[in-house]
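Next, two complexes with subunit A in common: one pairs it with subunit B, the other with subunit C.
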Partner chain A sequence: MKRKLIIILLMILAGLICYPIIFLISGSFMSGQELQANLKPLLTDYTDAYIAGGLIPIFPTLKNYVEILMDSPEFFVMFWNSVKLTVPIMGCQLLVGVPAAWGFAKYEFPLKKTIFMIYIILMMMPFQVTMLSNYLILDKLNLINTHLSVILPAGFSTFSVFIMYRFFSDIPKEIIEAAKIDGAGALQVFRYLALPIGSAGIISAMVLSFLECWNLIEQPMTFLSDQSKWPLSLYLPEISPGTAGTAFAASIIGLIPAILIFLAGQDYLERGIMASAVKE
Partner chain B sequence: MKFIERIWDYKIQPREHISIRERAIRWLAGFLIVMFLLTILSRAANAMTIPRVETDNAAKKTIEHTVEQEGKIEADGEQAVTAVSGLKINAVHAANGMAVEEGTPLLELDVNDIGEKLKELETELTKYELSISDAKYNQSLQDSERSTNISRAQEDYNSAAAENNAKIDEAKRQMDEAYNNWQNAGDIIDPEAENAQDEASLKSVYEEKQALYNDALTARDQALKEASRAIEDAKKSSSKDSTADSTALDKEAVADKIAKYKELKEKNGIITAAGKGTVTFIDASVVTGGITPETSLMLISDTGNGLKFKATLDEDQQKYVAVGDKVTIKTADNEKITDVTVESMAPNAENAENQDVVVSLGNTDKVQIYDTATLKAVVSSKAYSTCIPKAALRKGANGESDYVFVLTEKKSVLGTQLVVEKLTVTVQEQNDSFAALLDGEVTVEQKLIVDSDKEIQAGDRVRLAESDG
Partner chain C sequence: MNKSGRFTGIFFILPSFIGVLIFVLLPFLDVVRRSFTSVVAGEWVGLKNYQVIFGNGAFQLAAVNTLKFLLICMPILIGLSLSVSVCLDKQAKFGHMLKSVYLVPMAVPVASIVIIWRVLFHKQGIISGLIGIFGLDAVDWMNSKYAFWVLVLSYVWKNAGYNIVLWMAGLAAIPDSIYEAAKMDGAGGWQIFCKITLPNLGKVAYTITILSLLNSFKVFREAYLVAGDYPHDSMYLLQHLFNNWYRELSLDKLSAAAVIVAIVITLIVLQLGRLFYEEEPRNKRQRRRFRSS
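Coming up: the complex of A and B.
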């Protein structure tokens, strides 16, 4: 009985948490008129009322999707901007982050601990703290208002290094030594041992990194003044009774790649999150 | 049959096991491909729906007002050809548009008919003369009767006056005598004398005579009054008789007609043109075998004094043409008569808002009467610093101000976009091609939209047509 009560309570809580997503999906299929009626308190100065939202559209329509997919070229500009930012960032993290994590995990060098500490400190710092210094440097490099201004700081992100470091650390020393005895050089060890064995870590780092990059808001907003360079996460059309439907549909479409990436890397991701939770 | 059996027996094959990870990756690839295709599709749709515009810039210019109006070449004046009405027409020589010289025969009337009509008129004239002499005789009779009556009445008056005056004199004499007798009676010493009359009877005699005298006076006044009335009556003329005068007028008219008939007869019934010109109008009744009408037979334009161009200008055109202006007349053959002067402008008979303009052309052989020609007058304004093509100017609806659409660059998600901006303007002066605006309302750098393949509004995204680069 007690167990059932707990389950019911948890289901209610889960329902509350899921409600925004469900309303988003349902709203994207609602007609403008219906949305207008539901969102009236939000869109007018009517403060006494609450948003009423039927979860099932009365007259389901694909009009919002047709409008966003066929009649809004700006949506696609932003979608591909998101792709243009995310793919190089992930590429950069692979290129720089994986060797860095391998280095921290398996090599001994002076000030290793200090540098790793700086890495962790930098990882902990919210963007707002480093925003100004980032801006000044990017400005000096004439990178402001270019995609590189977002790609470069994110490409050298410490978070993915930290996750991959955990995975590489778990590779037993004996395997590496055996490889070395067999005559493998440092690069061969990295190529034929570290990458295959640590692939779970690399993929989980990449999935987390993708989710972070796909949803970047502050960085593009700060460093990109040109709207034509903005990513999809900034697709915030002025929500009015007429555009609420398309905004809902745009959010759903923006959600799809994130869900697919998550599904693709789900198994590794769980391990990655666990790895990041282990204390140094 | 076999085919149906195959369908009936069809079993869904178990799908090859694909992990969620692989499936998600495939879906992601598919999703990206779909997004790529939709990107192209939405761009194409956008390119098709976005209006394409052509632009132009403002410039410093003078506004030239060119008035061009088609009109007709006419003669300087017209003459009406008339003849006595009611005569038979033997032949018509004139035709519409025929150029004539002085003395050109226009039509021929029947001489016999003229002779008959002349005879009738002469008889009529004689009748009038007779009736005039009758009327005059009657009048003289009436006049003499009247003067006789007056003189008789005067005589009656005189005799009445003389007769009554005599009676008055006698009555007065008797009255005076009676008075004296009465007055003398008081002086007699012996009142008992035999023949002596008493005073009272003498007084009554006197009073009686006095009354008779007064009666005589009254009778005279009455008689004279009646006599003078008789004179007045006699002096009153009998009813005025103007028969003679009116008949004289009729006679005069007949005499005039006779003169005309005689003149026609002398010319053997041929009517000729009085001067150089062109026949412009022939009355419908003027045909061989017809009868001359009461109105004019035909009109002949007088080209001897040169030609004139006539046209009607509307309200807008009137502003730029004035009497005395030098204008150009372009003929249908593209020949130009330059520096001709506007002679007059007057309200049009049918529409008072329009003005009929007359340009004197003088004697010219570039045009003929009734040719169609075009008046061209060019008036230049002062130089305006902001002149825009007329195509860029848009009329505000419902009395709102005029406005122009200019292109502005707006940064948006799609990059730098061209957006339509509405600017209210004040037109200083305009012609068919350009409009002068107040200084500063539009700059020379601003691109003014002069044409668009779709209807546009302020805020619309547009793109330049290919020709604009």
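Coming up: the complex of A and C.
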């Protein structure tokens, strides 16, 4: 009895957590009139009723999607901008982050503990603290208002190094020693042992990092003055009588890549989250 | 590891470390220098910038709000996610499915959240409609003192799944044998939770606190996209202030404030670590005492 009660409570909680997302999805399939009727208090000064939170479109339609995909060129530009930011950032994190994580996990060198502590502290810093530092150097390098101004600082993120470090640390020393006895050099050990065995960690870090990159708000807003360079995460559609439907559809399209990555990499995501725990 | 091993290690971390140096550490030293100089002439002014920001009304408001936000939202999030995890822990079948559902908000982009928030927390919005059923008056959530609580709610909504995964990992790591022993000694459910489950979650608690802190700073994204540069006073956070100083090019105040926040965060990270590590031996002792009693 008590058990059933707990399950029911947990289910209700899950329902509440998902309600906003389901509302958004169903709204994106509603016709203009239906959505307008539901959102009437938001669109006009009408105060005799509340916004209707219904979840089932009476006449489901794809019109909103067609409109946003056919008639909104700026939406495409922003979607493409998001890709142009996300892919290089993740590439950079792989290129420099994976070796760094391996170096921290399996080698001893002077000041290692201190440097690693600095990495942990940097990963904790909110963007606003390092905003000015970033700006000063990006300005000096003449990168302000280019995509590189967002890509470079994010590409050297210490968070992904930390996640991968956790996975690499779990690789037993004996395997590496055995490979060395067989004559493998440091690079060979890295290429043929670390990369395949630690691949789960690398994917986990990349899933977390994708969700982060797809959601960049502060960085592009601060460093890209030219709005035509902004990513989709800054696409804030106006909810006005004529555009409510497309606003809903646009936000669903922005959601799709993140949800796909989430579904495909869910186990990795969970393992990545667990790896973000400080165990030592 | 031999001597060449040292150089190999440095070789592996070097590209990353150089990037961190160039884009964060070295320019941050410049920020520290700037915090002691005036913005126009660039001359040495000592601690004047620090005096100015501590006397600044906006800084006081933002600092108090941020602190209040952290002190309220973190215990709520950590407590809620722990209780959900303890319940989920015993539900093998539903447990995994529900855990995934709780994680979904993590993937929802901020811009999508903003639309939902407008619909939910508008004066004539869904929440007002819900409380209207119970005869309560409509509330303009985002433009009243409730704005702060909307922020707390959106933080908890977004991060609960993350913390539940961490707590469950911690719970799974506690060996069943300890529970069995306690049951044999006749300990009740609540007693087991306080004397065995909680003490054994020390390390996880450290991580969860740190990560909840880290994630709490990100709530600014929702706050900013929903309410812009100057939201209701109750949710004016340090991040808003930093952002506004940046736009106004008040680089002297901005650098002094950045130095202060950086110092505070560094101290918190170091302190939290020490706190939980020191408690470890005491917990072990407690467990032993419990078993022998």
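Just so we're on the same page, the second predicted complex is superposed on the first by the 270 of 280 C-alpha atoms of A that agree within 3 Å, B and C clash if a C-alpha of one lies under 4 Å from a C-alpha of the other, contacts with A are read in each partner's own complex, and residues count from 1 in each chain.
One rule holds for everything that comes next: a residue touches a chain if its C-beta (ideal position, glycine included) is under 8 Å from a C-beta of that chain, and two chains touch if they have at least 3 such contacts.
What you are looking at is a predicted structure, and each value in this text was computed from that prediction instead of being measured.
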Looking at the superposed three-chain arrangement on subunit A, would you call subunit B and subunit C a clash or a fit?
fit
Of the partners subunit B and subunit C, which touch A:Ile252 in the superposed model: first, second, both, neither?
second
Looking only at subunit A, is it subunit B or subunit C that touches more of its residues?
C
Pick one for A:Pro172: touches subunit B only (first), subunit C only (second), both, or neither.
neither
Go through the superposed model and pick first if A:Gly183 touches only subunit B, second if only subunit C, both, or neither.
neither
If we overlay the two complexes on their shared chain A, which of subunit B and subunit C does A:Ile261 touch? Say first, second, both or neither.
both
With the two complexes superposed on chain A, say which partner A:Asp226 touches: subunit B (first), subunit C (second), both, or neither.
first
For A:Thr130, decide between first (touching subunit B), second (touching subunit C), both and neither.
second
Examine A:Pro73 and indicate which partner it touches, taking first as subunit B and second as subunit C; both and neither are also allowed.
first
Between subunit B and subunit C, what minimal C-alpha to C-alpha distance in angstrom results from the superposition?
15
Let me check the overlay on chain A: which residues of subunit A are in contact with subunit B and also with subunit C?
235, 261-262, 266
Residue numbers of subunit C touching subunit A in their complex, please.
1, 5-13, 15-17, 19-20, 22-28, 30-31, 34, 84, 87-88, 90-91, 94, 98-116, 118-120, 122-126, 128-129, 132, 138, 157, 160, 162, 165-166, 169-170, 203-204, 206-208, 210-211, 213-214, 217-218, 220-221, 224-225, 238-239, 242-243, 246, 251, 254-255, 258, 261-262, 265-266, 269, 273
Touching residues of subunit B toward subunit A in the complex: what are they?
20-21, 23-25, 27-28, 31-32, 35, 38-39, 41-43, 45-46, 411-416
Across the complex, what residues on subunit A touch subunit B?
69-80, 83, 226-228, 230, 235, 256-257, 260-267
Which stretch or stretches of subunit A touch subunit C in the complex?
3, 6-7, 9-11, 13-14, 17-18, 20-21, 23-24, 39, 41-42, 46-47, 49-53, 95-97, 99-100, 102-104, 106-110, 112, 115, 118-137, 152-153, 155-156, 158, 161, 186, 190, 211, 214-215, 217-218, 222, 232-237, 239, 247-248, 251-252, 254-255, 258-259, 261-262, 266, 269-270, 273-274, 276-279
